[in-house]
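The following blocks contain the structures, represented as structure tokens.
In the two complexes below, subunit A is the common chain; its partner is subunit B in one and subunit C in the other.
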Partner chain A sequence: MGTKTSILILDDEPIVIKRLKPSLEKKGYEVEAFTDSREALARVQEQAFDIVVTDLKMEGIDGMQFLEAVKETSPETEVIVITGFATMETARESFRKGVSDFLAKPFKLGEIVEAIAKAEAEQKKKRG
Partner chain B sequence: MKLLVVVDAEEYSRQAARIAARFAINTWADVTILALQAKNGDTLNARLLDALPEIQCMFLGNDSPFGEYKDTGFQAVSDGTWEMDRTGSDGRKQLKVLVRRGDWLRIVSEQLEQEQADFLFLGASSDKPEWEGELRFPQKVAATVPCSSFVVKGSSMGKTLVCCLDQASVSQESLEIINQLVTIQEAELKIVGLTGPHGLREKVEERMMQVLRYYTERGVRAWVRLVNEEELPAFAHEASKTGTLGLWLGKKSLLTKFFSKDRLEQFITASESSVVILK
Partner chain C sequence: MMESANIHVNRLPDWIQRAFKSRKAIRGAHSALVGRFQRFQEILSLNNQILQHIADANNKLSGDYVFDQRYVHTSSKNIIGLVEKLVYTLDALAPGKYRTLRTVFTRIQTEIEQELSGHQTKVSTTFVINYNKISHNSMDEVGAKSANLAKVHSDLGLKIPRGFALTASAYHAFMTVNSLEPMITGIYKDWKAEKISLNKASATIQSRIQSCSLPAKLEHELNSAVNSLIQGRRPLIALRSSAWHEDRQHSFAGQYKTVLNIPAAEVRDAYRKVLASLYSENAMVYRHEQGYREHEVAMPVACQEMIDASVSGVLYTRDPSMPERDTLIMNATWGLGLPLVSGEAGADRFTVSRGTSLKITSIHVARKKTALRLNMKGGTRIENIEPRMQSRACLSIKQVLEVAEAGVMIENAFRQPHDIEFAFDELGQLFILQARPLALRPSRVVKAKDLAEILSNRAILLKEQGEIAQRGIASGPVFVIESKEDLDSFPDGAVLVAKTASPVLAKVLSRAAALLTDVGMVTGHLATVAREFRVPSILNCGNVSTLLSSGQSVTVDAEDNIVYEGIVPELRDYALTEEPIEETYEYRLLRRVLKKIEPLRLVEPFGENFTPEDCHSLHDITRFVHEKAVEELIRGTLYRGRAAKRAPRLDWHIPLDLFLIDIGGGLQPGAGNRITPKEIISTPMKAILRGIAVPGAWDSKPMSVDFTSFMSSLTRTTTPELAKTGFSGQNLAVLSSRYVNLSLRLGYHFTMIDSYASERVDDNYIYFRFFGGVTDAKRRSRRAQFLADSLALNDFRVELQGDLVIGRLKGMEERILMNRLFLLGVMISFTRQLDLRMINDNDVSRFVEKFKTIVEESDGHKNQHFDLG
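Our next item is the complex of A and B:
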């Protein structure tokens, strides 16, 4: 892994990927993006990412299963959930599983950038 | 997501705040409550000060992302603006309360811009179309602001959300706001397409089908219905009796032909239930 913070984005809506990936790359992050949760899962099992941004409601492996798998494979990875179908229950469950933030759609780019910055700071603190 | 909840001291504002609080707690949104007071008041209005603790408490509680209750008191931040940050030390999201006086429409626009809010809530009375003498204020806000807004009438959203669509370009933000509304309310979604003298425009039909597919793939119960353009005002009025009505009023929307700014204001005033304006 390089010196840049690595981010994996998983969202089955291509429009979300199209919007987030180039914007985060411009901010200096190393970004890989997936619309297919199985492919994303295979990738996180190959490489540990600093931050994972995942949608919840998806075909195949859903976001909850995905974030569980990420935390199991790489407990240091900070996970941010983005969802179009937020409920108190999904928020609670996400935090129980160790996510660092929960963002409901729609959100502005600034909001996800802020959540990523907080997750980075948290990770640095944990790593000492 | 960031929400702006515009209130005064009346009951319709409490109802709007209740619905906004439910939405905010489910979506873990950052919230700014903007309380508007009479234009000539130099000090904080006593009725607003009485109403605001109750409104703020609606956003707090066990499942709330705003943390524990704390009361730091209002600080004057500039001439005619008072602010209180109600985010508890254990809060994950921000809850801010502002009281402002001045030109209300301008204040709401300024605050939206400043907060970069995605969705705006405000209440309207069913029998009195004004806020402290400002005629059709919520209606004017909904017709003017660039983001989607929810004009709340009554205490519930109902179990149906009827959204009228006539344009090929529908913003992703508006689709996502509908997702959140129907999820939280467990409501049924009806998408209404407008047909003109030559039937449904091809691009609109295509977009309607895409929208329907978008929702059904995500497990949202959605139905499609066609309504003739000329019958739209009557249809919309009828639909507003049983649930919340959503109008997509984007820049390219033909609905703006039926709901020009004045007619939209009149429609919201006449509507028996809440209206969501999607942009």
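Our next item is the complex of A and C:
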């Protein structure tokens, strides 16, 4: 089991979780999903995930803060941003904060799977 | 993807402005026209953007996208915004003339916004729909239970009880007239804030509903429907809930009320009881847990005659505890089915396996001492069964197989295991009383997590080679379609494999487990059909038709784009328990909103129904504005000073009925009211006309050698249908020496060409748009496919979305551009007959090939010297 890539998904829209979780599990990933950013934050502080997929605009702690916190606690984690408010600005800021990919909603399932595979490969390279 | 729909038509190009400035003499006279033309251009541009936005939104229904509520909101608002601009622009072009359009727009806008904000909009004033009038489109009005039952009869030919549906509108009218909604909202609030108990909330709402009276119109319609139902028959009636979503994936089975065996006089009370059951404790909790919003609640009701059953039963088309086994389970007893459903009576149990044929695998006969029978005077009575019948199987072998066969048909048609209530009457006729999806227990089935490992050990035949047109998972034997005749022998539940995504396949698609093709577009017609029937489909796989052979078993995973060898039971069972995306709130919301945006009903510009009041969707408004904009420009006030009020018209042997507006050097100076082709200077316009005039393309006059064989297939006969395909409208070309904007309506085809051609390669472009409609969908899609393929072969960048074909060409040499315009002309000319001629799908590729030849040949004689006559 330990060989599986672990993924945490955070999005306050339940539909996104509902779609992504089973699809990624079927691909063989270990997936945990949250709609509440506080809970997600508590979880990443408990355990380092290989990949984090997060929305940007949310109630409470927003995505930017969340991904900063993730990068701070576990710099090795690859972060993928998914957002319905994609602007050049937010994209740039995300990349500056070390995000590995940035997807605008709506996206195809295939696109996120690809982004995750890319992030995985990137991580492997870094880890050597 | 949305990359500015057409950069060129959204403003008056600089060069036109320049042309006007340089021609001082006509500046004054034309300044008004420039303004009008500019607005016209704006309308065209908005029109394109709207059509693309709509097609985009529809595409999201394929199941392959992850979208959230925000998307539904923003995309609807974008479309609303564009249509609003469109309505304003038309008003600027024809001030005050179409004032009611604004009102209609506002109404539709409000309806969409209500949908988005979660307020139910009133649907219609139809309160009663007879079972034989229920169609696929009535789902929202009659609810799933009635819609499914009607389908069982209309599509599968199985017998169902006579009856009618009390609609969602009837429910809404009942709630509105009695002011129940605010009361319910208040109680819900208190319940969710835990101020009152669930028990109290439910009881209060239910007793209020039961004390209300029916709206007068509803009462009247209900009475007469009941009267015609019981006429000369046994006067007993059953009322069943047919609530929204009740019988779809979220099976609310047992949550709502069914009232059986009541006389006509009690129907109203029973109706209220069924409505009230919408707020039973269980139902309230269930909806709350499943994330249903209260505004998504409505209770259509099914009203049926009671069948005087000699035997009744329940069939599960899969064993819920072991869905992986191909077993049907049937319970049956003497008389009515109620004791069976409530578990009170002893019942015989039959199991049937379905391999290549149906086989009874076990019979367990129970002792059945009593039976529930209909009482002729109303109500029911318990009857003692005579001893020798008590231990006899209540169904014969033949009857068991008859029921099982019906069950398999139903499961195939609905693509889900089903829970079916049935009865045999005294004459031995089988009736299907109810059919609903069977909720399978996911605990018995492999979890997504463990699937990955199982799947990694399976042999893969095809991986990520094609494009997913409809998500889903299915397995079955392959059936490769080689010729049209093969379709007749296509077996139910097979995996349909074909070279092209031909619309001909639509005929059998609903019976197919899955669809795989070598070529084909996910935006094409067949893909739309696949989505309608939710057939898992992967198109454009390259070589699947040679890779797979008939009879071979495969499992198609149109989620991860993989085809596995053999049946993968774990994957199939996983699919059986998966919640379809179609059942999520966001998907339902998008579908509802699109209903007010997408359907195009306004198609006949000369019909008396072509008015603002007849616009029912934003698409209708868009269509209306486009038509009127063309009309306004033709009518042009500019020409008021002259003898004629209208723009000059083309005088030609081809009855194009084309008005010409010159905005700078497009026509010979001094040209009059009738323009001959020779008086046209505009080079792009001339190129198009030459194409249209190519011998044989327009009509069946003697034709040049190259074209004979090709065109003869197009012009063999003249049918009445063909007679309708002439240019039937006001067609308009706005010209300058190097520019043309052509809007043509031809039968039901709408073509737009916008082009500028000069020696400056960078300025040159062609924008071509074709939009069809109304005719038979298969031909329509062949036509669109033909256009798309031909355009692509001729360097156009092509987008094909349903009926909409858009081709763009930029930065080409003038010589090449002229040739392409010529081609578009030929295309316009014979597309008007194409629908009639494209009898089968091979025609598409044949026409495309022939077109290629024409290009090559006409390239040879550079200037296409056909006489414009």
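Keep this in mind: the second predicted complex is superposed on the first by the 127 of 128 C-alpha atoms of A that agree within 3 Å, B and C clash if a C-alpha of one lies under 4 Å from a C-alpha of the other, contacts with A are read in each partner's own complex, and residues count from 1 in each chain.
As a working rule, contacts are C-beta pairs under 8 Å (C-beta built on N, C-alpha and C of every residue); 3 or more make two chains touch, one makes a residue touch a chain.
Quantities reported herein were computed from a predicted structural model and do not represent experimental measurements.
In the superposition on chain A, contact is made by A:18 with subunit C only, not with subunit B. In the superposition on chain A, contact is made by A:28 with subunit C only, not with subunit B. Contact with both subunit B and subunit C is seen for A:84 once the two complexes are overlaid on the shared chain.
Of the two partner chains placed by the overlay, neither subunit B nor subunit C lies in contact with A:126.
In the superposition on chain A, A:92 contacts subunit B only, with no contact to subunit C. In the overlay built on the shared chain, the residue A:38 is in contact with neither subunit B nor subunit C.
Shared-chain residue A:112: touches subunit C; no touch with subunit B.
Common to the subunit B and subunit C contact sets on subunit A are residues 13, 15, 84, 105-108, 110. Considering their complex, residues 11, 13-16, 18-23, 25-28, 30, 84, 105-110, 112 of subunit A touch subunit C.
Against subunit A, in their complex, subunit C makes its touches with residues 60, 64-71, 74, 291, 447-449, 451-453, 455-456, 468, 559-561, 574, 578-579, 581, 584-586. Across the complex, subunit A meets subunit B through its residues 13, 15, 57, 59, 84-88, 91-92, 101-108, 110-111.
Within the complex formed with subunit A, the residues of subunit B that make contact are 1-2, 25-30, 63, 65, 92, 116, 118-119, 172-173, 176-177, 179-180, 183-184, 217-219.
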